[in-house]
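The letters A, B, C and D name the chains in turn, as written, and every chain counts its residues from 1.
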Amino acid sequence: MNEALAMLIPTLPGLLVALPVIGGVALAAIPSPRLAAMLNIALAAAGFALALALAALPFGVNGWLHTDALNLPLLLLGALVGLTTACFSAATLPREGFTPVTGRAFHAAFQIFLGAHHLALLAENLGLTWVAIETATLASVLMVALHRGRAAIEAAWKFLILGGLGIALALFGTIVLGLAAQPVLGGEASLSFTALRGVAAQADGGLLSLAFVFLLVGYGTKAGLVPLHSWLPDAHAEGPVAMSAVLSGLLLNAALHAILRAKAVVGLNPATLSPGALLLGMGLLSLLVAAISLWRRRDARRFFAWSSIEHIGLAAIGFGLGGAASVAGMLHLLGHSLVKSAIFFTLGQAGRRQLAELAGLAPARAWIGWPLVVAMLAIAGLPPFSLFASEFLLVQQSAARLPWLVVPLAIGLLVAALALLRQVHAIALGPAAPSAEHAPPTAGAVVPAWLAPWLAMVPVHLHLLLALLLGLALPPALYAMLVEAGRIAG
Amino acid sequence: MTPGAIFTQLVHLALMLALAPLLVGLVRWLKARLMGRRGPSPLQPWRDLAKLARKQPLLAESASVMSVATPYLALAATSAAAALVPGFARGMALAPMADLILVAGLLALSRFALALAAMDVGTAFGDLGAAREMSFAAFAEPAFILSVLCFAILAGSTNLDAIGAAFADGGPGLRISLLLALLALLAVALAENGRMPVDNPATHLELTMVHEAMLLETSGRYLALWEMQAALRLMLWLSLLAALFLPFGTAPAFSGLGGWLLGLLAWVVKLGALAVALAVFESAIAKMRVFRVPEFLGAALLLALLGAVFLFLSTGLA
Amino acid sequence: MSAVLATLLLMLLPLALAGGGAARWPALARLVHGGCFLVSLGFAALGVAVLVFGGGDPLLLPVGPPWAPLSLALDGLSAWFLLLLGLVGAATGLFAWTHEAEAPPRRLLCYPLFLFGMALCLGAADGFTLILGFEAMSLASWGLLVARAMETRGEGERLAARLYLGFALFGAACLIPAIGLMGGLAGDLSFAGLRAAPMQGGMAALVMALVLLGAGSKAGLVPLHGWLPIAHPVAPAGVSALMSGAMTKVALYVVARLVLDLGGPAQPPAWGAPLLVIGAASALFGALRATQEVDGKVLLACSTIEHVGLVAMGLGLSAVLRGADLGPLASVAAGAALLHALGHALFKTLLFLSAGEVEHGAGSRRLDALGGLIHAMPLVALCALFGAAAAAALPPLVGFAGEWLLLQALLSAWRVGALWVQVMVAAVTAVVALSTALGAMAMLRFWGLCFLGRARTPRTLGAQDAAPPARAALVALVVLATGAGLLPGSLLALGAPAVAQVSGHAGLVVAGPWSVGAATAASAYWPLGVLLLVAIVAAALVAGLRRLSLQPAARGPVWDGGFIAPPAHLPFGDPATQASAAGFAQPLRRMLGTRLLMAREAVHFAAPGDPAPARLEAGFRDPVLPAFLRPLLIARDRLAQAAEWLRDLSIRQFLGIAFGTLLLLLALLALAGPP
Amino acid sequence: MGFGQLPFDMAHLLAGGVLLLSFVLLYQRRVTALIGALAAQGAVLAMAVAWQGWVLDVPALYVTALAALLAKAVAIPLGLRLLVRRFGLRRAVETAIGIGPGMIMGVGLVALAILVVLPATQGAGALVREGLAFAMSVMLLGMLMMITRRHAIGQVVGLLSLENGLVLAAAGARGLPLVVELATAALVVALAAVAGFFTLRLRDDFAGLDLGLLHHHRGESAPPGEGPP
């Protein structure tokens, strides 16, 4: 038995990637919506279990895949958000107006997206990372385009063109990275992360810088860093809500993770253009532009998409600073994904598109409104949630390293938080918007009516609880992992 | 605290109380003479007080316990302040407590009590007077405190007794700052006592009056208490001015009967001189419009500030 | 000691949960208030115990982020403020027992958390816990305002809650970088670590500015005071009392802790100057506004600004004097600040609770709708009179003791030597005296218009005096405030550790049990002596006059300057012959208000022959908040407008931007050239 | 390997050909001509990759070359032609900026590419340096094209041309995993397919391919209100 287990262990990462992909293909073939939804949940749950099992194993390289401190927390998070999103989507698919055909497409794309996301994190080879992110992009483009209509198509087109451009640039950067390693590795280019890190110090600094510039612009487009962010609000707003949740929760993280891998390599060479400074600059720009743009939003999901840009910018600032600030960046990524997907879940449950329609939600529908208020407070960086802890550490570190940075950082955080809290006030205090109550879905429901609200809201509470735990009682093991991740990211 | 000091203290307080109405009477008499009238006897205020105290007081229907309690409180607070200001002798029993800021505080307490009494019945005049009285005080207090600052710098203390002792020794000498502080304190004294040009103590039922407007609803013993309080306040201020600017002749502590008599004589002479000065000043000047008063007191404030700054410059402390 | 604090803090959390559960079981409300009362008493007792026996070692809590584990510790400074918080909390707990028994669960949930946040902030032994407590305090109090706004559904309440939260966030956005700057690269945020690595030069100035902006906005210091009179009065009376009495003090504690205790020892005299000047401006503005406001609770909130300013002045002056190596004087100033902080907490709580009783009894907070309440609610009136007199700095009450010490320190501060300090101190001294007198005027106006005179509305006549638990709270506060006023020396001897921490000098030189003073000023204040003196003279007067004048007073109608007798349907006279709130404020409005508060007034006379009365229209507005908020809002809107062009671009243009970014980075690479 | 040697000169020539065709693409105004030029670029690219495979002795590159030939030179241009024929865009003329400025910008981009690459690759071989400079120039020109074209098809062509540059770069790097290159080719096809799908839907919905029509909708079309403080 133990031997069988020992045999199984090396296949775990591969299984984690293969299971959703195979499942996605299978889901495309299943006509029954109810069965598909259940299978979707089951697959996501299996993925989460696999990720947990992987977390219990020691780090190591396993063929083309590897686990280390940098990808494991994100992987766990991704598997969890995948599971909760699957639950949520089972509850809300009919309401979103999916036909059986688009439902099938959605499920398939969702699982493939999950698989690609896991692969992007697990890949030890930067080329593979690139392939995975490209796949994830295509899958999410498909999901965005599922809703017919002018806006959805525009969003998908924009996503496709900008994403395509970004991915091409990232590939060029990847190739240049390989070329940079070529002379040191004796004429063989390699994209293995371990190998690249081994030779980065002797490689040509100029080439590394060139590679990083392309990788930054390429993956930065995916991560939604300003000024490469333009696809992001529209994609978040026009796809299914579940898709918005995984876009903010997973795709952005995966893209930033890819940048961090590049930075981890390039940063080892002292003769490069400082990768941290570039990341920091884009992060700061993202923060400021997003903070000010939040004030003019009317569409709820665009609003929160801009908030995602802000938070990715914050994480980028953290990683750009390096050192303990990288830990803040990691923690911020985790906290942001949890809370942001919770927000999208509540938005989906509230079923309202415009911010103005959300006004007075809390008094009117307390079970949706108050969690939304709490989640918005959390995303605004208020204690005791983990975003407060990570923002505190970030500010503290930036004050210690780059005192001038504190001023724009604090201003950006403040302006963004004020914009969020203006909406919090509207939601908590009204005046109530003219009620546009959605009739509870009857036709095409895939889960029993009594279960649907639970399936939709339990993930919200779970995410908030986890964010709370991360903020108040971060497990020492996880903290050690984050510190190690920060060390890898530089 | 020796029995001698306590005795001195008691004599001082008794003298203050006894002389206060006389001083008011004296000023009135002097003013009348200056205006060519014969004027009532200086004893007239005492006679008025005695008569008022015996009359049955009349309280308004809407009056509360405040109308009854505040006159006692105000006079007690003023008396306490008066007990602290040196008159004919220094080193009295309460000398350690004789702090200038405390004197200001006690005067503020009696002013507050007066304003409460004025507001108690709920009349237009009472409220008007109270509002004006408190507003004027807002300008008088900073001028007073800044004058105190000058003394605190010169004498190293805000204790009246210590200041008196330091000045009697002639230590600080003659300074421009003292002159400025004197002017400021004079203005404050005029405002605090409701004298010309801030208020006219001789009128009733004028829209511009302040002090008298607050007492329109009082009568009998309560009015007597208020009149006594006003008189004592004037006494206190003149004594204060005398103690600060004319410290000569004040009997040192425990100087025996001879020293006391000399000190008493000096004190009475000083008070008389100040009363004459006040009467002359009041006869020569007209009352201001109400809203000119802040300018008047503001000027006093600036003079005191200027005095302090001159001190900083001249003492070379900077 | 820290463990006791942790236990007390932990007890508040189930209370908050119980408050949340009050939606289903209303009886839980009483549990919440009783529990908060007991925990507050515990806080006070703990504060005294720490002041007497010392605080012991910090306690590391098993929660919090690993880089900044939460830690608790109590030293003199925090114990002093904890004592203050405990007293205020206990009083408001009693008050709430009477008046908040049917409070909505939202409020019951936030109330214990509010106490929790304040106590956590005070008990923190590191920067992170401090911020956490500070934020918890802000958020919980915001929750209380939101609960109120949901209750009343008023636009004013909503605006107040929003403004409040905005300033709370602003405070956090300033304090967190300040702590970050203090922590430096080592990132050790424990107070011991911060003390060991003092700031210098420009960094210190930056920290000072940030702390003043952050904690100062919470304390209501000018120029960030504008939100306070809007937000504090919105809450129910007990919460307003906690906000004004305790929360502003917690903010001042943060200032004292960060600027004076952790950052101050090696600083030059100029270190305290900003605090001194800002404090003076706050005192003046607050007092002046208090003389003009027409809503009782707003008036009290403005008076809070005044007193907070005075406390801040004490702290600043202490730093100035310490920088000039005048330790004994610095301790006088610090003592003044601490004493006044405690005194203000007591009398302001008393006043707010009284205002709550008045609102409850007479149905209004507007001064123009009150009057004559001393007849209907004599106990509340007397208690409030004590509070008002203390706030007016009348001897021998507690307000005077604090201001006496402050003035003594100010009057001795010329010894610092530098001319700029001397001139500044002289100017500031004048401002203190001015604001004290203005404060007295404000308090007279508040108390007189509420309780004296004749009823301005019939509703006032139906008022009833306070119910027993609330009555106990009022009386206890009177006793405490009077006691603190009469024994400032003993109190400061108790608070000697706190004074030493703020001033860097061990204790007041002269602080006997019956007196308080400063050796360098060679003067002392004996409050008990003053009380005895006044009492003896008053007794003698009473006794003497009783012999002279035997008849009891007769009652008659009001003469009222000869106004005609009121008609029968106005049994209490014509209220129009009493001063209105605006009318009573008129002298100061004209003297100072037109300059400082943009006050205006206009009298509209009726046409000749029309018997209608003339109308006085008067008003003012505080120019400070709009002066900096409006440009910021305009800038925000402009920027947001400008940022919209990013949204309006076509896909081609977006591509162009991405392309441009790439080219820019490449150009940067080309410029950087080969290494 | 250096100047004057056949392998280098040949590689140089072929890469230069790809770059030249990029300029040709930039110069084209008609959609049909554009597609023709793209096909030609694909063919030259396939030759360049195959040549690299021969020179570097990496058989895997032949696969890449074949994929490039099939996808870039045959399949995609055919598909695009089909699309054009279906929409009747044969004679459509479009550029957002003029040809002249476009060319000048293109030259500037090539200069920038050389400026960046040459100092950056001091240690690398001449082939790598030249190849990288050419590849990057092709990429930048492709991007420029995406920006200057208004039609969806023009943008797709720009993107494909950009990918050509990528393949050119990848061919120069020995030891890159084959899967990357295959994935590249596969993804290009997928991308083109998805793009084609979209153009169809765009056609359905808007009866036109002018993207200028699209960008007015952002889900927030109502006039933004002034926020109270």
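What we mean here is this: contacts are C-beta pairs under 8 Å (C-beta built on N, C-alpha and C of every residue); 3 or more make two chains touch, one makes a residue touch a chain.
None of these values were measured; they are calculated from a predicted model.
Contact tally for B-C versus A-D: the pair with more C-beta pairs in contact is B-C.
With each centre defined as the average position of its C-alpha atoms, the distance from subunit B to subunit C rounds to 35 Å. Separating the centre of subunit A from that of subunit D, both taken as means of CA atoms, is a distance of 30 Å.
Spacing of subunit B relative to subunit D, judged by their CA centroids, is 97 angstrom.
Look at where the CA atoms of subunit A average out and do the same for subunit C: the two points lie 44 Å apart. Counting partners per residue, subunit D has 116, 119-120, 122, 143, 146, 155, 211, 214-215, 218, 220, 224, 227 as the residues that reach two or more other chains. Within subunit A, residues 157, 161, 165, 169, 206, 209-210, 233, 295-296, 422 each touch two or more of the remaining chains.
In subunit B, no residue touches at least two other chains.
In this structure, the chains touch in the following pairs: A-C, A-D, B-C, C-D. Remark: subunit D residues 116-117, 119-125, 128, 132, 135-136, 139, 143, 146, 152, 155, 159, 162-163, 165-166, 169-170, 172-177, 179-180, 183-184, 187, 190-191, 194-195, 198, 201-202, 205-206, 211, 214-215, 217-220, 222, 224-225, 227 touch subunit A in the complex. Residues of subunit C touching subunit A in their complex: 62-68, 128, 131-132, 135-136, 139, 146, 149-150, 153, 158, 161-162, 165-166, 169-170, 173-174, 176-177, 179-181, 183-187, 189, 203, 206, 636-637, 639-641, 643-644, 646-647, 649, 651, 654-655, 657-658, 660-662, 665-666, 668-669, 672, 674-675. For subunit A in complex with subunit D, the residues that touch the partner chain are 125, 127-128, 130-131, 134, 138, 141-142, 145, 150-151, 153-154, 156-157, 160-161, 164-165, 167-169, 171-172, 174-176, 178-179, 182-183, 185, 187-191, 204, 206-207, 209-210, 233-234, 237-238, 295-299, 302, 353, 422. Within the complex, the subunit A residues that touch subunit C are 157-158, 161-162, 165-166, 169, 205-206, 209-210, 213-214, 216-217, 221, 227-228, 230-231, 233, 271-273, 278, 289, 292-293, 295-296, 324, 327, 331, 363, 377, 380, 382-384, 388-389, 391-393, 395-401, 403, 406-407, 409-411, 413-415, 417-418, 421-422, 425, 428-430, 471-474, 476, 479.
Across the interface of their complex, subunit C is touched by residues 96, 109, 112-113, 115-116, 119-120, 122, 140, 143-144, 146-150, 155, 211-212, 214-215, 218, 220, 224, 226-227, 229 of subunit D.
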